[in-house]
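Structure first, commentary second.
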Amino acid sequence: MVRVTVWGENVHERNEEAVRAIYPDGMHGAIAAGLKEYLGDAVSVRTATLDQPEHGLAQDVLDATDVLTWWGHIAHDQVDDAVVERVHAAMLGGMGLLALHSAHYSKILKRALGTSCSLRWRNVGERELVWTVNPAHPIAAGVPHPIVIDAQEMYGEHFDIPEPDELVFISSFAGGEVFRGGCCFQRGAGRIFYFSPGDQDYPVYHHPAIKRVLANAARWAAPRTRGPVPDAPNAPRDWYLA
Amino acid sequence: MVRVTVWGENVHERNEEAVRAIYPDGMHGAIAAGLKEYLGDAVSVRTATLDQPEHGLAQDVLDATDVLTWWGHIAHDQVDDAVVERVHAAMLGGMGLLALHSAHYSKILKRALGTSCSLRWRNVGERELVWTVNPAHPIAAGVPHPIVIDAQEMYGEHFDIPEPDELVFISSFAGGEVFRGGCCFQRGAGRIFYFSPGDQDYPVYHHPAIKRVLANAARWAAPRTRGPVPDAPNAPRDWYLA
Amino acid sequence: MVRVTVWGENVHERNEEAVRAIYPDGMHGAIAAGLKEYLGDAVSVRTATLDQPEHGLAQDVLDATDVLTWWGHIAHDQVDDAVVERVHAAMLGGMGLLALHSAHYSKILKRALGTSCSLRWRNVGERELVWTVNPAHPIAAGVPHPIVIDAQEMYGEHFDIPEPDELVFISSFAGGEVFRGGCCFQRGAGRIFYFSPGDQDYPVYHHPAIKRVLANAARWAAPRTRGPVPDAPNAPRDWYLA
Amino acid sequence: MVRVTVWGENVHERNEEAVRAIYPDGMHGAIAAGLKEYLGDAVSVRTATLDQPEHGLAQDVLDATDVLTWWGHIAHDQVDDAVVERVHAAMLGGMGLLALHSAHYSKILKRALGTSCSLRWRNVGERELVWTVNPAHPIAAGVPHPIVIDAQEMYGEHFDIPEPDELVFISSFAGGEVFRGGCCFQRGAGRIFYFSPGDQDYPVYHHPAIKRVLANAARWAAPRTRGPVPDAPNAPRDWYLA
């Protein structure tokens, strides 16, 4: 069973009626519901939000988390650096991380990837098509080609990320732009999946194909090993023969 | 100086008046002219075509070729297997290869990549936008972002290739499809660049930005080393201390 | 359940008493036994050999094979090209392939990778250490670091392969050479794992850690999708809205 | 001409007579001299050290630096975070970075790569062999295969780094360990080369083949583009047609 913690910034949902109308239980609530709908007994889901103590991400929560999903946007700067360090350490030790949409600019993703993670954007509610470029990838299993999202914020290249270890999805937008919107990375023992659909102004996390992608990604990112961040051990000659 | 051999199938140009009107000197002629225009004294260019003996690719030609460009479409099957082997061996030994547009289905590219190289297509003359996803790559130097091609054949995902070593360009089309149209691979000592714009029905090789890409790619693919295909030498203990 | 077909050239075992002493049931027999020992009910294993009709690899066998393991050495040239094509097509459609030791020079691996697959070698029975460079990779699960193999043939760099999609193991030898001996590739929908330990002169396939690697690799290479080799469909405008 | 700034921690050289005997002009002095010896008029070299104001890396120095080499060990923690930010920004904008030996644990490399960069080590002065695994890579040009270093500190796997974009060298040690000691990464527009030989206790930077590698790497890492760290521009519909 994969233990997922769905982290939500939960600011737009509280402050903007239009967002609340789409996501009455918060975006984190919708994401959590989608995981339960698609993974059933194969998943246990909890949520955590910015306004909780330690943003709901105390060490014991991370220790019991196989995969952390992260949605943030307007309050990236309010995320405590100590929590970011803790999440980063958990990830290097094996915890999976799903960074969603505007989390491209989250502290944790920038720290893991080491680049600016900048991109072009335009929010006019245009059609996004999500194309699979690696149909044999576990995250693409059962996903329509393309996913049609009627209205979304545009995210376009250049997206300043390291060359992904695996590229799974590329989006196009009605305005003509393209975006590497489904990217896999490994950092330490942890698997990272960045997935771009999901602006707060549109009901993207209610879309069946998006739920499918997130469910697949949660399985994929579940740790194969889990441990502390490795340090640098002194290794006497022939230590491995002992 | 980079010595380029521009290989052209040269069938559409001879058989179809519309193509001849666009490319009176053949597509190979246009490609060669573009390289000379953009690289000047830094390049020497010759051309070779299917109808020549050994398709114009005798061993001494390959030995004097740093980079081979390949455009073929309707006559892939007429390319002699022995010539394909010879080109493949030259490439493993260090010769660069630029595979253009419908050369996705050429014998040489399929042999080098080991996949089917299949893709979706539609030829209705729609707009193609070529987006740079690695602006620091030498092949993207001085290339507009995006390149706007008013009319082109659509090539769309899924494109059945190995994960490229470097992805430089992604195209979108008016119909919404995307395509990994600028991909770098290394096989043996040889560098390969696949570049998708360039159907025979449109004047793509007269487009300044396309000429720029091909000129950049010729420089990039020029060999750093050149030799025979390596064999498997027996290596006595401590041979490297001799 | 993963359905594995273990293919063996089965020539050394029949012609050389020393090899037969190590592998009385053939190398394929030992590999098959190891898979059953480590995977139990999670695997079904059959074997096939060069001397059988169609080398034991008729289409219906491949259709019922999730993962094919391949060991060959002295008789690579006797493998029928039609069978190689059939295996290649199955692999592009999703079948996994484990290419073992001297299968670096098999027709199927060279066809899939597109390079010469040459390497250095020396057969003096020296110690090989197999080091894990990606401990979170599923193929490395439960594998000692390093694996100590008391006597093996040396395989050394340069190994002329494409840059692997994932590098899992690097070997060192008593003589000082190194070798990228555990490499993952994807071609089409098929996963390939090349694993270098396993010369016929040494009881490598009886080594517990080697059995563990092969069992892990069989699981890893099992297909996520399975189908024909994709062709190149014409795609009318807006086909995806139908 | 490539403008290189050679940064040295310069602590061991001042505090330890044995190191000073090997590197009377500091390790940075030896590295700078090697670059000048191998690149001649194609390079201009300056040095900078920890004890200088802003560690010798004021903004105007970075602005005039194409490639920064970094050697640090015992004083990583004394490097000011503001300087690390500045170097990181310059690198994302295109500046090359050569991280040498114990700089695996430097703030700048960890920030760029996002992992712990931990490794095994043993300092008993054993033989290191540096094997080329990508002979066509520009950094390997003219480099002996293997480089034989009579005495070095052992660095061994597991090395906790992201999968390199290109792997050029793998080392083996007399004790049997292996290490991915020559790794290429790109972050933003900047190229990074990590190269492991070079402990302060041994005259590694006086070794001709090591000088050759560093000279090659300086050329390779020189920027193709240079600019600010990209931000995230709003892009109105059809902006690219303007």
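By letter and in written order, the chains are A, B, C and D; residue numbering begins at 1 in each of them.
In the analysis below, contacts are C-beta pairs under 8 Å (C-beta built on N, C-alpha and C of every residue); 3 or more make two chains touch, one makes a residue touch a chain.
On a predicted model such as this, the values are computed, not experimentally measured, just so you know.
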Higher-contact pair (C-beta pairs counted), A-D versus C-D: A-D
Chain A and chain D: spacing of chain centres that average the CA atoms, whole Å: 32
Distance from chain D to chain C - Cα centre to Cα centre, in angstrom: 37
Contacts with 2+ other chains: residues of chain D: 129, 134-135, 145-146, 156, 158, 163, 165-166, 176-177, 186, 188, 240
Overall pattern in which the protein chains touch one another (line/ring/star/complete/other): complete
Residues of chain B touching chain C in the complex: 92, 105, 111-116, 118-122, 124, 126, 154, 156, 158, 160, 162-163, 165, 175-177, 185-188, 229-238, 240
Of all residues in chain C, those that touch chain D in their complex: 127, 129, 131-135, 145-146, 156-159, 163, 166-167, 170-172, 174, 176-178, 180
Chain A to chain C touching residues, read off their complex: 94, 129, 134-138, 141, 145-146, 148, 165-166, 186, 188-191, 223-225, 240-241
